[in-house]
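Some notes on the structure that comes next.
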Amino acid sequence: MTGWEVFLQQLIIGLSNGMIIALIALGYTMVYGIIELINFAHGDLFMLGCFAALTVVSLTGDLPVWLVLLLLLVLTPVFCGGLNWLVDRLAYRHLRDATKLAPLVSAIGVSFVFLNLGLFWGGLPLKVFGFGKAAAAPKDFPTLVSNANLLGNSNVEFTTKDLLVLVITVPLMVGLTLFVKQTRAGKAMRAVAQDRLAAQLMGIDANRVIGQTFLLGGGLAGVASVVAALYNNTIYFQMGYRAGMDAFTAAVLGGIGSLPGAVLGGLCIGLARALSDQYIATRWTNVMVFAILILVLVFRPSGLLGAKHREKV
Amino acid sequence: MLALENIHAGYGPIDVLKGITLRVNEGEIVTVLGANGAGKSTTLMTIAGVNPCRQGMITFAGEPIANLPVHEIVRLGISQVPEGRRIFPRLTIRENLELGAFQRNDDIAGDLERALDLFPILRERTGQLGGTLSGGEQQMLAIARALMARPKLLLLDEPSLGLAPLMVVKIFEIIRAINQQGTTILLVEQNANMALHIAQRGYVLETGRIVLEDSAANLINNEQVRKSYLGG
Amino acid sequence: MSLLQVDKLTMRFGGLVAVDAVTLEIPPGEIVSLIGPNGAGKTTVFNAITGIYEPSAGGVRFAGHETRSEFCGSVAVLLLLTGFLTAGALILLCNIESLWEVVITGNYQYRQVFQWKPANIAFTTYFSENSGTRLILPAVLGLFLGLAGAWAVWQRSRRAPEVAAHAGIARTFQNIRLFNQMTVLDNVLLGMDTRLQTRFWHAALRLPLFWRERREATSKAIEILRFVDLDREVNQLAENLSYGHQRRLEIARALAMQPKLILLDEPAAGLNPAESQALMELIRQIRERGITVLLIEHDMQVVMGISDRIAVLDYGEKIAEGTPAEVRANPAVIEAYLGKSDAST
Amino acid sequence: MKLRFHWAFLLVAALVPVVGLFVPAARSLGELLRPIFIMAILALGLNILTGFTGILNLGVAAFMALGAYAYAILTCDIYPFQFGFWPAVMLTVLVGLLAGLMLGLPTIRLRGDYLAIVTLGFGEIVQDSLKNMDVITKGTQGINPLPGPTFAGYMFRSETYAPWYYLFLGFLALVVLLNRNLQRSRVGRAWIAIREDELAASCMGVNPMKMKLLAFSLGAAQCSLAGALWASFLGSSGEPGNYDFQVSIIALCIVIVGGMGNIAGVLLGALVVVGCNSLVLETFTNFLKAHELISSTNVYTAPGNWKYMLFGLALILMMRFKPEGLLPSRQVKAELHPHEPPPS
């Protein structure tokens, strides 16, 4: 492989991973946009989505692949979205008027509960769930999509999996943009995000809209977990933490609260990770992502596409 | 139409309102005057259900509405133009207006036309973002947005705030026109003269209590009112 | 010479011009009022004076100085230092393992103490061999990042409220901003803290200076509380005070800073007439203490009663300035502030 | 004068080994208390930030790790430094101070929630780096063996019990004293003012950045002190994985359960949280083991696996129902219940 081919290959890997990160980052940014809460549990929600996807695959293994994929793409987001909504209903809603610290600490608690659920889920005594390994060990996710190179015999690999990532995520992001821009519910969401009191005075039930945002963000995390599981073929119960950090960095890089920003940030982080893996060292990649986060926050705290924040006096 | 009976409300440990009693009859413009910090905005926010009402009764068209959720109160027909306009700066003017009619599904297009007829300045700019408008235009947008809900009662919180004198005159003309089309109005103002000229009745609020209640004509000539607003 | 000079101050927020080329001069020892309809930009002027907002144009000079930290030698040294430290840190980070091997493990035999001499030689040979990517690149990058980062941070922090506070400007807020969960005494002591010599090690080790200053500060704080007639509430939580008392406590807290200029943002808001009268008396006494007062107020009786001069803002612009009598007679003021009385026609 | 809870706590704790001479059961209590003292020091470090200043720090475990490794490198005889216990501890505290300063300088201006995530990331990075730099840190083995502390010629051994107990208790008392002194001075006043209303505080001449940075580095120094003590107790730096996010969360749990911003509350919190963690879970495990209810394949019956759930639920429920903690400072209490009517 020539140097350029290596570079191109890393670009492809980076973009695919970046799209997955972007999906998770969208969930962060939407929730932050509407209630200024860093939904700490979002990464672990993504992890639970992966386990849900594994369960769906285990139960429907005999069906044709396209049907399994379809089921995955329907059931997992529904599960994640519902769970996210439920958490908002039970935990965060009661803390709307409290100091900022309270919901954040609550979210950390939720993340821990999710982590434990993931551990237990992996240890379910059924063969199909745990694949017979110890609870904490990484689980194999069956290869539903082949690893075949679509570019023929070229040194650069663009596999069916990469295509799958694009085919699922790009329409989803377009759809999300349209939803937020065009529909009544989307407009209500933007209104609540910009000025909750004014939105309430328009007769918008702010709590309901916030619930819908959690539902939607969770759903996106669900799709992300299906895509990630299919792409990486391995899941483990601590994976949400890392994914959450990457996605949060992406959301901040893009400007938290901005949807296109989250996608842009996700792509940047994906690329940065891939390039760092190749040209620096894999073991230092996490440190690189952290360094990016610090640099962005020092030089441009509002992110690439974010709006400036001004305190009212 | 609207009646407040001995309302107590406030933030934290402090009661800002210490027993407010007032009534608004159908078709009227009633104004509430008072210095900053007297509790005018708190009164409106308590009617709209944003502030919890700690004690007392609020009835609207005979039904008690104290401590209902905000969106329920809007559904009953009370719209508010909040202090400082609070339009959605990153939504277009059309979207701002459409959100005003969030509770309804019928004939939004027709209402949109009517609102734009009332405020021709907005018509040319329906695609522009709300934040790009000038202060006066934003105020018009806020009023138009509230009207989109087809309210029976319109609560206006300091519509003249931060506006040039000419614009203030314009806004007050519009308020009067809205009233003549059949909407009851409760108006909170610092611009006493203007408010009293279009209102039928007025209340004067001081440190959370009603200290004066009279017809607008009488209030204009009231020595105490003149003194506190004109400095003697 | 005037104590505070506001020179063609302009504040823009997005498309809105909140304050438009306002010029103000406050001579020492006067009570000046800033009046105007709600939303005319008065509080924005206060925020620009106290360094909360950065003016879009124009400037604020207090006692002859800008109310922001100037770029001077020590700042430059600080920036350079940050740059060099970052460069050093980055070099260290890029080489830490090999350096450790060269300097520490390479020179160490089990249970022997560290020898400096061979270590020094290894250190220099290491860097002379790896000068390119491992030394120069991180050094340049680190220097650049450190300098730029420190510059960005300094730029953002140069106009900070505490700079104005140290210069001698104290203020109160339109909607009272006390430290609600601190006692009345602690609120006042906090205002006094900037003038104390105690540093954190004095406090941590309870050195004599700590005890002496604590005694002095407490008695002075109680004296100030007596001045505003709050000395019976010393150990109450600020939050539990009545509204009028909270207003007074805010003034006491500002006075504790021993300011030259005090900015009062609607101190009479929400007070009943008797309390307003007492407030006027208090403001006069503050002036007698040698403190200049700049006042935003809506209560015309208060304004007309105590101001030496009045400036009127409307729609972000200054439309009039003069003695109370002049302002009261000014037709532009009557129109802007009181509303056109023939609006109905 | 009323005896304050934290002094009462320290006094009672000081008597435990004495009682242990006569009642053997007290000795196991004392052994349980030693890690609690260390966790209390860690949590007090966090309390300066989260409790006093209102900054959420999710990376205290990183400072503990730095402390442990710094102490190990400075004392272990595989490296040339070989300092004794006391100078090494002092240097470690200095290292923590500097580490806090280094992290704080670029990030301290950030909004609270951003800063929380940055500290979280920092915790992760420190773990990663310690793992990666195996030339220095010996990777996952950790640096060992470390010599025991000495005090006036007396050598601490791992079998002994009372000397360790008093060593840790002494450090804890020192930290409590220091924190109390700071809390009741202009420094503590400024911290609390920043927590209450940063803008108003800066208008009163408090430099929020300076004070926050001070809180950050002092907190970090205390956390690394806890790390050094922990390493000396273990006789090893431990592996990087020992200082993971879970440790930071335990510290946060202690502060929140006990009562934010209250030194006595933090001590009580350490007692409850760590006590619950080690005492209850271990007793339960032993019980299950004794009755052969634990199988190696079943994850649910291992009580250790319920840890995350316990801490998570503790945080959620505390925030929902008693956000001021078990022993609140009266300041924080009212702050977290903004809409309740005032006590009459």
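Quick notes
Every chain is named by a letter (A, B, C and D) in the order it is written, and numbering of its residues begins at 1.
Following the convention adopted for this analysis, a contact is a pair of C-beta atoms (placed from the backbone, for glycine too) under 8 Å apart; a residue touches a chain by one contact, two chains touch by 3 or more.
The model shown is predicted, which means the values in this text are computed figures rather than measured ones.
Greatest centre-to-centre distance from chain D is found for B, with centres as Cα means. In this structure, the chain pairs A-B and A-C differ in their number of contacting C-beta pairs, and the larger number is found at A-B.
Centre to centre, using the average C-alpha position, chain A and chain B are separated by 43 Å. Chain A and chain C have CA centres that are 41 Å apart. Inter-chain centre distance (chain B to chain D, centres taken as mean C-alpha positions): 54 Å. Annotation: 32 Å between the Cα-based centres of chain A and chain D. Multi-chain contact residues of chain B, defined as those touching 2 or more other chains: 12-13, 89.
Multi-chain contact residues, meaning those touching two or more other chains, occur in chain D at positions 106, 109, 199, 335, 338-339, 342. The residues of chain C that reach two or more other chains are 52, 149, 153, 173, 180, 239-240, listed in rising order. Every residue of chain D that touches chain A in the complex is listed here, in rising order: 50, 54, 56, 58, 106-107, 109-114, 116-118, 120-122, 124-125, 128-129, 131-132, 199, 245, 249, 252, 256, 297-300, 305-309, 311-316, 319-320, 323, 335-336, 338-339.
Put simply, chain C touches chain B in their complex at residues 14-16, 37-41, 174, 180, 239-240, 242-243, 266, 268-272, 298-301, 303-304, 314-315, 328, 335-336, 338-341, 343-344. Across the interface of their complex, chain C is touched by residues 12-14, 16, 35-39, 84, 89, 131-135, 158, 160-165, 168-169, 172, 190-194, 197-198, 206-208, 227-232 of chain B.
Contacts from chain A toward chain B in the complex involve residues 184, 187-188, 190-191, 194-195, 197-206, 307. The touching residues of chain A, when paired with chain C in their complex, are 295, 298-299, 310, 313.
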